[in-house]
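Shared between the two complexes below is chain A, which pairs with chain B and chain C, respectively.
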Partner chain A sequence: MKMESYPLKIVVIHDGLIPKIDPLLVELGNKFGEESVIHFENSNKGLEYVLDNLNQKMVVLLDINFSHGELSGIQVFEDIKKRTALVYVIMITARSLNEISHPDLITMINHDAMAIENVFNYPKIIELVEKAAHKMETRVDSALEQWINSHSEADRERPYLTTRTGKVYTLTQILDEIRLQTPYGQEMEGNILMLAIDLLARGKKEIND
Partner chain B sequence: MGETIKDTKSGKSVLRWRFDINTFRLLGRELITDRITAVYELVKNCYDANATEVVVDFVNVGFKANDRKISISDNGIGMDFTDVDTKWMVVGTNSKRVSLYSPGPFNRRYVGEKGIGRFAVDKLGSQLLIKTKQQGADKRLIVHIDWDYYEQKSVESTDRQMSLFTEVDNEYHYEDATPTDHGTTLEITNVSETWSSHDLERLYKELSRLVSPFYPLNPPFNIYMNSNENGEYKMRLVKPDPVKFYSHHAEITFDLERQKQQFLRYDKESGKILTEWTEIKSFGPVKFKIFYFDEGAKKRYNTAYKNDDTRIDGVKIYRDGVITTPFAEYHSSQNHKRDILGIDKRRWRAAFDKPSTREIIGVLEIKQELNPKIVDATNRQDFIDNDEYRQLKEFILEQIDIFGDVKIHDRDLNRSVAEMELQKAGQEVKNFSNAIEKIERELIQDKPHLKEKLEPLKAQVQHLSSTITASIKEQKKFQKDVVRKENIYLSLMSLQDYAANISHAIRTSLGKIKRMAEFFKINFPNSKFDRLFIDYASLINEEMNTLIKVTDFMLSYASSDVQFEDFSIKEMLEELFFNAYSQTFRTENINVEFEFKDDFIINGNKKFLQDIFQNIISNSIKALKQRSNKQIKCSAFLDDNSFILFFSDNGPGIVKGDEKWIFGLYNTRTAEQGGSGIGLYIVEKRIEALKGTIEVVENEFKPTGATFKIKLPFNKN
Partner chain C sequence: MTKFGIAFDNNDVELGDYFRLSKEDIISFIAAHCQDHNIIEIPSNQCNQAFIDFTIPQINADNFLFLAYSHGNHDSLTAGGAFYIKKEVNSALFVNSLFYSMSCLSARELGSDLIINGCHAFVGFKENANALLGSFQALSIECDNYAIKAFINGAGIKSAVEQMKANFTGKIDQLVLSGEPLRAAYLRQNRDALWFAGVEDLVFTSFNVN
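Entry: the complex of A and B
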């Protein structure tokens, strides 16, 4: 039996879009599947969703201005980045770049906002989401996820790794740790990459060998 | 991270860092723009290292000499080898800091920016000796860093790849030291620029802002400035200048036992500022000192401080005696200062009467323990935008506004004094003229030759008298003109606000239209999207209609903003209630009561007054949306010196405590239903422009409802 892989989620947090039928939402649904696109008009609710679903592959499209009483786009952005670097955030706004304050721009650059794009230009936004999705597929956690999916359920639930402290992890748990960017997850991510390079360097191209 | 190795040639220990000097300098120039900032940042680091004393020492820096030296020594916790190796030279960003507080027992909130020290040192000079020691260690670590050498290596390297990362060895060794000693000294030589006494003064002034001028720091943080060339700086303790020359001063505090917070109130009768007590606010108790400088005070101040306008610099927030990070940055020019609390932004919005940051010195004290919700944002540019901080900002602005009332009071007083003087002069000239006439009548008969001499005198008095009368008339006309201009200006100001908001709305609308049009362009024809094409077509149409409405409204301003006319308020309101809104009232099922006991003719801009009531009426319609038995009532009458208007609905009413707040710009509790917080702001400003008032009073309808009382005085001058 094959495990359902975590589908890519595209979370759109923006209060200037036409709910449900905005061309941006329609085209995203077309490209990535309607069930993958989730739209929030309220930034607080959008942030809550993102933080509750960090174990998923996610691209966030984020507006900068929200109504008073809601978190600003920059705050949402900072809060996401505080928890994980694995979620790609694309800022989309009706404002022009020179209307965004310098401190805000600095924050976006320092915390690796993937792009800042004008909401007028939806084909460009779709392009960016495709790029993000591609980047995501080639990442350690996604590669691991694919590999896990090729194994049986029994294999997946089998204790796979025991740490020095004696804690036991299954493959699925390792994936979650990486996605949630826990210290163990980060260490594991590094180790996997190092191992892969090591194997490659020794001419052992197929890791499954 | 560095690498420690033994240099085989010299036998000395070296610490090896690998990085690109060019990128490093480029980064540094962005972060540290001038020498004052450089020293300021280094001193902040001393604070973060739990120092109680810092000495900033300048040796021979006043002229171009080879032995110029700047040293900064503190008695803080010092660094060990690993600290220097892994922290001091590593390019870190502030957000990577794990803890926000310095080690105990001080637990100071960090004010310095992590990883900025090396850039600061580089700005000051190219050779650095770090001497550092932690308590208990038996040796002092000495590291020598030579930026010139780094640069030279980088230039020498012909291999492009190599030049990206230059490996440089930094010598280090240990010296014997007393175990109880602790602290860090940075000795900078090859100082790049000369420091004039003016530069030292600027630095002194900047350093004096680090610690609160009023509430002592415990444990202390004393900064001393020393110079071997300038007699003024002989181990001079840096302390804030006492605030002098201000014209008004007020101070509020709190009482934890009674759980009360003081606030300021302006007493219109006496023109004095009073303090009163209220409940402690959501942001916690605060102490606040405000010094206000009126025009005269500013003049005295500028004379005393030679027009150094960076001293009167608005409100700053200190936490536990130390400046909070949004205020901790040095700016060489007042114009580059960020208006963190929005004091000036608000001022241009509300025209003349709001005090600006250049008229006020304010010190607001908070405490970590008592104000835990006021948190510095990680980018250090502001505080985290939560309800508590918003309320604190509002509170600060309310306190400052009190001085706006003082400003108005003083201006009116000056005006009436000038008017009275003129009237008095007129009277005196009249008396003089009468006296001459009397002399003429009584003496001329006996001494006719005097008549000839009196004639020119009489003519002069007459001329004087008519000049004064003309002046009084002119002055009155001028006053009227000022009021008129203020009104126009105010209207334009509110329009400016409106424009800022509306342009965002327009862009959002245009964004939608553009996306839909583009969708057509890309996908049409495609039967899969037929339904969407139809929806989009009607949505584009709707958005266009909105845009037309918005631009029409803007145009109505363009054509009507300076037209003043006499009109009846009653007629204007009848027009609104029984023509413009009658259809809406019918479809919304709203029962309207209209009770006008008297009428009032007003000279002003009819369009503006209409806006006031349109705003209020449309608020009521929105408030009544969910009600079954909908009521709106408008009543009016004349009292002794004003026209009073009550406007009520039986909606859910205004939340207690919000009665004043709702008139602030962008303050809205109905954001979800599209409220932008502009309407009531404009309403209040326009009524104020007519010298009237608007307030929320006890609701006429029970059990729920909202009642506004509008008061327009008879003589608006």
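Entry: the complex of A and C
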């Protein structure tokens, strides 16, 4: 059975791109669907959108410099990474690497920025987004999402698991906990991976076939 | 005569019913499979250090079985937010016991401390353990009580624990095949957290005392 998954969102936070007609935005729209590409010129609003939608699969294309009074790209990047490791962030900038300060470079490397790419190198940026999209499809949360979507909406919102501390989770909440990388989400993610390894090691290949 | 002490935190807000039903399940089994027995039931209002310190010395001169259905942590078993058995506090009371704990984490420090203090064998979890509730509660309780039942039925304690792990594996596969991978993942966590220490060939008949 083919199961639909929630569409990938590509969030572009960049004040140097002309809304809707910039070649990068047009190319992204052609490749991933116009409805999947969301562009913010204001970094504060872009960050707000990302943090409000962490339960979705997202790739963020993030500029480094913004107008005075807005968060810098590095601040936005740090704020996203403080909340989740599951959003891929590609830094796009017109500046060369040696114009970026060492502390900012260190921050990007230490917090797993997926790449730093020149904003005019559209083919490379598209390729990076495709790579990020593929990585997401093979992650635990994506596999879990597909399985959860095989249930009715009513079943997804029904209490499903209870921890020994008494906290009750629905299927939708379990997915959110993993996407938000809460302690419970991380534990469940580890449990699912360990189960998969256990089943593979014992030669069990069929899950709900 | 075989002596049992069974602590169960039936007043726990979240899992009181689960703990009570686990206790009732094993008591029914003991009644059916062990003719001459004496069970001291220790419900929530007696799961405290004072009661344990008064009661256990009355039975620990001979071999006895102690079962616990409550919350726990690295070094203690707890009820109502306070410990009732704790490493280096009253763990020495469990000399001559088989200690079977279905609480989270207690294998980490309490288990080995009990063995150092003369407990014959300890079975428990070294990590967080999960309880399946609702329509999966009976399955979860069956998994929890599997080794102690196998032991009463004649298996050596180490073998009983291995049988318990095999039962977990069978239930994991059943859950996966019936489209319940997350519940299966919970049981996998329990199975791999199960920990045993002590005399491996300990048998139930050695707990039949006068």
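Definition applied: the second predicted complex is superposed on the first by the 200 of 209 C-alpha atoms of A that agree within 3 Å, B and C clash if a C-alpha of one lies under 4 Å from a C-alpha of the other, contacts with A are read in each partner's own complex, and residues count from 1 in each chain.
The rule we apply is simple: a residue touches a chain if its C-beta (ideal position, glycine included) is under 8 Å from a C-beta of that chain, and two chains touch if they have at least 3 such contacts.
None of the values given here were measured: they were computed from a predicted structure.
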| item | value |
| --- | --- |
| Clash-or-fit label for the pair chain B, chain C on chain A | fit |
| Computed vertex angle (chain A) for partners chain B and chain C, CA, steps of 10° | 110 |
| Which of chain B and chain C A:Ile106 touches, first, second, both or neither | first |
| Of chain C and chain B, partner touching more chain A residues | B |
| First (chain B), second (chain C), both or neither touched by A:Glu78 | first |
| Touched partner set for A:Tyr122, first chain B, second chain C, both or neither | first |
| First, second, both or neither for A:Asn149, with chain B first and chain C second | neither |
| Chain B versus chain C as contact partner of A:Val26, first or second or both or neither | first |
| Partner chain(s) touched by A:Thr170 [first = chain B, second = chain C, both, neither] | neither |
| After superposition on chain A, the shortest CA separation from chain B to chain C (Å) | 14 |
| Residues of chain A contacting chain B in one complex and chain C in the other | none |
| Complex contact set, residues of chain B against chain A | 93, 95, 378-379, 381-382, 384-385, 504, 507-508, 510-512, 514-516, 518-519, 522, 529, 532, 535-536, 539, 666-668, 671-672, 677 |
| For the chain A and chain C complex, residues of the former touching the latter | 147, 159-166, 171, 174, 187-188, 191-192, 194-195, 198-199, 202, 204, 206-208 |
| Residue numbers on chain A that touch chain B, as the complex places them | 16-18, 21-24, 26-27, 65, 67-72, 75, 78, 94-95, 101, 103, 106-107, 110-111, 119-120, 122-123 |
| Chain C to chain A touching residues, read off their complex | 13-15, 71, 104, 128-134, 169, 172-173, 176-179, 181-186, 188-189, 192 |
